[in-house]
């Protein structure tokens, strides 16, 4: 069997971007790692009793507290004098990160625990059936922001979670994408080499929730990056290091690949607004090559 | 009796900075205002049944949810078609803002409610007897960060709450200080003239918790500003507008005025570190005149 | 009281199918109770839906263990799993054909109909999306529980707001499923 | 069982005072139970502390309504409020003098001692911080419940880690309070 | 049924916190006042009133004697005097 | 007492998700493979192995047939074939 | 009008017809379909309400608290962990006497995490002061929501009301339901009017601090209102019956109790399965019936005692448990029945169906078998012995 | 060694002597003094522990959950709103069988907000699976913490334990306490060792999802452990007595019950006041005694029944209430006593002292007066009539 710390037999949907990224993360972190995981697809699909896909010590408590649980683990390891030898990762979906888990995360960052937080951003509450989260992009069709006569999907902008994390003054913040697997692993390793709290946010397509074919995961992820809709960057001690885009693509290419944006395709005005978001990102994070 | 919307007879300590600021805020906002207030000194000293100091509709629910309660009020007013005529203010102490109330606040900002959030920052949990909060400054002596053989008081930096609020991409963020009463009122009025979520953080000395004489409230507040330890600035649509300091004072002047920093006075190294924080602020927010 | 068990994979429309089936009975004046049972797994994992039918409101809330009727939406489910567990002695099963999949033999008086649902669907619309609907037509014919019209009415009510074309295709699917069984019975 | 009620303002050290008092009884082998009662208000608002003393562990947990002894740390509290409520018929009160404040008359066999606690403290250390300690000395003398040494021992135990100077000043304050009453008794 | 669930606006004025004062109270000298209103702004009790120069005063029913007004008055036109002193 | 409170590491391998496949499965052609490992990176099941060129393969016991490996292979050296087809 | 409709859709429809001004909820299985439907209605302008997508259940409850305090009818729904996370707010809403209506799609609680049905979640807030109603069927779920608003908003009540419906079994079950029309709803439920609200023209202070001089009385008044509800709720049920021609609500309902000398006591959808079992037992000549708890808070002590005073044996079916104690229904029921003194029936307590373990007619027969055996207070039904053994 | 010491200081001292590796808490009156003391000890290096100042009680509980899961003895303390806010985690800790020890400084709950003592807070988590112990005095609070760690960490138990102590009355009360020395504590309480932990050398998965096939059994095992605790806890108390020479803990304690035909049932510090009242009543020739609930979960049904089987009348004193129901002690006690059938004493239920309303000897006499009167299930004692009238 392939050597990985996240074994097959899990019950993710075929083509799940989160399953890809979670494996890349733990394999980059290595076996001396303890994971605290919020409730969400990843937790559900990997740990149905009496089975588990994880080959590292792994704990799930609730939907919102992995950062606090990880703080406790880190403190326990410190007390035992073992912290230096062991990585602690707290991980969650976008909802478990930016919404219900935000306060615990912020507390963990503020207290300076030596923990890497990883957000698997599939841009909605997938585990419960594709409801809007704070990281759902504008105009996206979710079950709680359905398009209708009075609505073009999610009315709110995507919450700038990496900036919020960076505003805490932590040493390392990074975004990444399932479209760039090696980059994920490089960043995980870099993050774990830094002491203190780290935040990583990985864009992980969800064929079910985004309504794309199960073989399109990597493509769709790449398009998000190439259009500027999912800027890839790092903040090292607050300093912005963007990943430049060689050839910037129009947002339509990304939108039309996914059912969640289908309602936009007859709405040029809405597409313009989405393009404006990409343009804003490109300017804000200096993405132009 | 003096015309104010926060009547006397409340039970704040003599010289309470929060009592000063809260009155300035509501008087600037005017009577067409509804307030949702978190638990904390302000709530306790102003609304002991069967009495109340408030002359506007005012509600307290819990320690952590004023932002969500205010979101509900704003939504209710919208439903009633009355929102445009009425201001909604959510207010809390530093603990109720940056710690236990952060998530509700972040949700409110992210959803774009037309609410002004006011944080009365007395830099600790005063209502429960001076415990450390996320906004307690480095080295401060609180009952949960007492100096001792292994500690010089609070080991963590003050959480950059205004930056965290600003990172949400909201239209207006401001800091203010009880040392500058007119500035508070000007900013409240400005904030209320802007639609959407607004965040204000007001530095309010607490004679009990900071251990200074009850008549020193204004002085101490001013010193915090003049040393660069409490930078005063606005973010208007993300653009930083600092209040410049005419003559920057050394941090000792501020520290020695307060019992909570008494243990530093024999510790020049610690004072240097505090000075470094002031210097950092001066650079970061462009405070030099 | 009649009990129906539907076997499918999450994402294959078992609940919609149960809903249409229930609706057809409802329009006839009966009291269906249709409900799904999920595992914790995702799209692709096996799941069940149940329909229980009576001429007074159904109060029994347990799952269906001894179905009178079985509908197997995806024959690959029968790979390594016995869909016939608890199947009534005189039960009737309707199974969506899958190339290369062998269908286990029924026992005693049980009747099993293998219906090329996906093929018929592809015939109709170029894709296999109507496979379940074809099965419903076959179910009606095989069990005699419902008429073609009962089902067509249900389709019209449930899919009415999706446009005439959808309705027509579904009605066609039902008819083809129905006819397939009738043909088979003749032969 | 003896019951003591202390009247003070939040921030005036009533709890410390109750603690020292209890400690002195404890060192004598008795079982004090000392506890505060706060309102919701802040520094400056009236509050109470209580001490209940017995020669076996005190189990009664209610507040003190009929004190044997009263200690009023700040005479301004008696402005508009009757500190004597429930005061035992033969009770003894020790009150910190405050210039310009008139002290209400006791009733029947009640004894009230007005002690210039703050003044004596200012004498000793230049500030009024030892006022309560002075009252404790006066309490001992007025009630005969404790000896000077009992209180001095308590001070030494409780304040030992604050340095000899603090201890000395407090012991001095106790002595001065004690003597004040004794003098008064003579005159 | 739910009348007891609210308090009346401004009803805290029933609570005369002036009784908390133990040491000192402010005296408005009304000599050099320039009506800058700093005392009004800074009073934690919100009890200082006045419009023109030398017209300011406070409501001693509530004054806790914090001394802030005296401290901030740029003209030293407010003085803290002993509580027992007649004004 | 608390043995039942944990699951064993990697025990999900008992769950052969290969049975979920209904339509298609990957076939590693092993012709033009350049050992770029993209298929290994992208497989959501983590079941593709191989070192050198044209040595890659997947474990069909778990393969859900998502088709990602075939899609990402820069050399089109993986093909999705019908489930029932013999490899 | 009769419809064949999923429980969640039916609830969303009736909530819409109650015309709430603010809806706020946070998704959790199996509550999601309800709020998703409401979101779609708002998106389609079928429902004129503010739909607030919050960041947690704590805030969902706080948003409806705030909206309700503004005098606007509000709605939320949750389940399981969501209910536990909003516990503090749930208690607060009742203490503040805001007539919020909430649907709880009953589900098991962590750990271990489990998304299936039982009734442990609601039990965690049974002290809170909310009126707690339990639906047996989708029809009842629909009708109870209607009653919930009317009841809670009664100026003499002013309490929040929770409608409990079993997760999946009712929320995801499709059933034939007689849906009240908009006209019927409008006639039955007047718009919400109150002076107990945040109003700039009549500024009140809400949510004050009450010290020991005041707190006891304020809390006691909530209890007093619950006591009054013991009269109001049956009245409401009979009025409802008059208006809609259906029996629904009330404190308890009975099934074949006329001559029963044995009885089940239960609440929620399991009552249907129990009815089925009773019919079978009756065929065998057993004189057995059911007392269904339709309203759990206020607890219908007198009604329960009256209904059970003539039986010899009773079995309480709990789909929850107070760990280290007993089933909550069992405890309340036996406590109440003890007032019968020597006339108290022999009552045994059983715990069934935690975490979605299917409750079959056979499960009920198993309970029945034990009814006449040794008296037990908290026996689990359906345990698989092989899973109880130590695994390590 | 005997000391005259504040309850909070005493608890902090004993916790320190139990050598926790991680302490995490969030401030709330009246718990603050305990954690402030611990903070000072860590700051002074008197205690080698990680002290984690968190941003909410939800996180405090989660931090100790994480630390305990790492195999490190942990401690937290809270009260009132804090306990309600961490409800979800509280249930989770028990479900995960992590032997955390928590002090609850019992206090009233909102709304209205009130910081004074009663026992409503702990009742909100009485279903959670925690072992719930109640201290009558500071001495007991101290001793129970010691027992709590030993009990919870027992490999056959593995459950969290909560020590309840009445806010202010005990937390802020100074009393004479015989403090176990460090040596005594070390001898009594071995270091915490477990294989049930997150360990990179033996990587386990904790906190999995259990579907309907598994959940019921896992929950039932928690109940089973509670049942076993009914034996273990009295054993622990008698061992404790042997080691320390003091009676403390156990399931129940009795006072003057030998010949009693009337009894009070209560828990916590109010028992002291009741003892006082009993002494007075005894002087008047009344044969009255007290059964004190020392352990509320597991509920000591058999012990309670045995202690009360000969009394004619009993009064349950609840400092909490299940609104719309009854006092929780009342409900559990009467439910249990109903097993006596015709021999069950006449039991009345009373609610006292909510929100810090002072409970005096007179209050207890008031209860006693009503004991022989009309049987009541939930009567408030000490209501001021003038405050009950409608004010608007």
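Just so it is clear, A, B, C, D, E, F, G and H label the chains in written order, and each chain counts residues from 1 on its own.
Here is the rule we use: a contact is a pair of C-beta atoms (placed from the backbone, for glycine too) under 8 Å apart; a residue touches a chain by one contact, two chains touch by 3 or more.
Note that this is a predicted model, so its numbers are computed, not measured.
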item: Relative to chain D, chain with the most remote C-alpha centre; value: C
item: Chains linked by the largest number of contacting C-beta pairs; value: G-H
item: Interchain centroid distance [CA atoms averaged], chain A/chain F, Å; value: 23
item: Distance between the centres, which are taken as Cα means, of chain D and chain C, whole angstrom; value: 87
item: Geometric centre distance via CA averages, chain G-chain E, whole Å; value: 54
item: Chain centre separation in whole Å, for chain F relative to chain D (CA means); value: 82
item: Chain H, residues touching no fewer than two other chains; value: 53, 55-56, 81, 85, 88, 92, 96, 110-113, 203-211, 214, 217-218, 221, 358, 387
item: For chain B, residues contacting two or more additional chains; value: 11-14, 16, 43-44, 47-50, 52, 54-56, 60-62, 64, 99-100, 102-103, 106-107, 110-111, 134, 207
item: Interface hub residues of chain C, defined as touching at least two other chains; value: 39-40, 44-45
item: Chain F to chain A touching residues, read off their complex; value: 7-17, 20, 38, 40-49, 59, 61-62, 64-68, 70-72, 80
item: Interface residues, chain B side, partner chain G - complex; value: 31-34, 36, 43-44, 47-50, 52, 54-62, 64-65, 67-80, 86, 103-104, 106-107, 110-111
item: Chain D partner contacts - residues on chain B that touch it in the complex; value: 11-14, 16, 41, 44-45, 48, 207-208
item: In the complex with chain A, residue positions of chain C that touch it; value: 11, 39-45
item: Interfacial residue positions of chain H with respect to chain B in the complex; value: 26-29, 32, 35-36, 39-40, 42-45, 51, 53, 55-56, 81, 85, 110-113
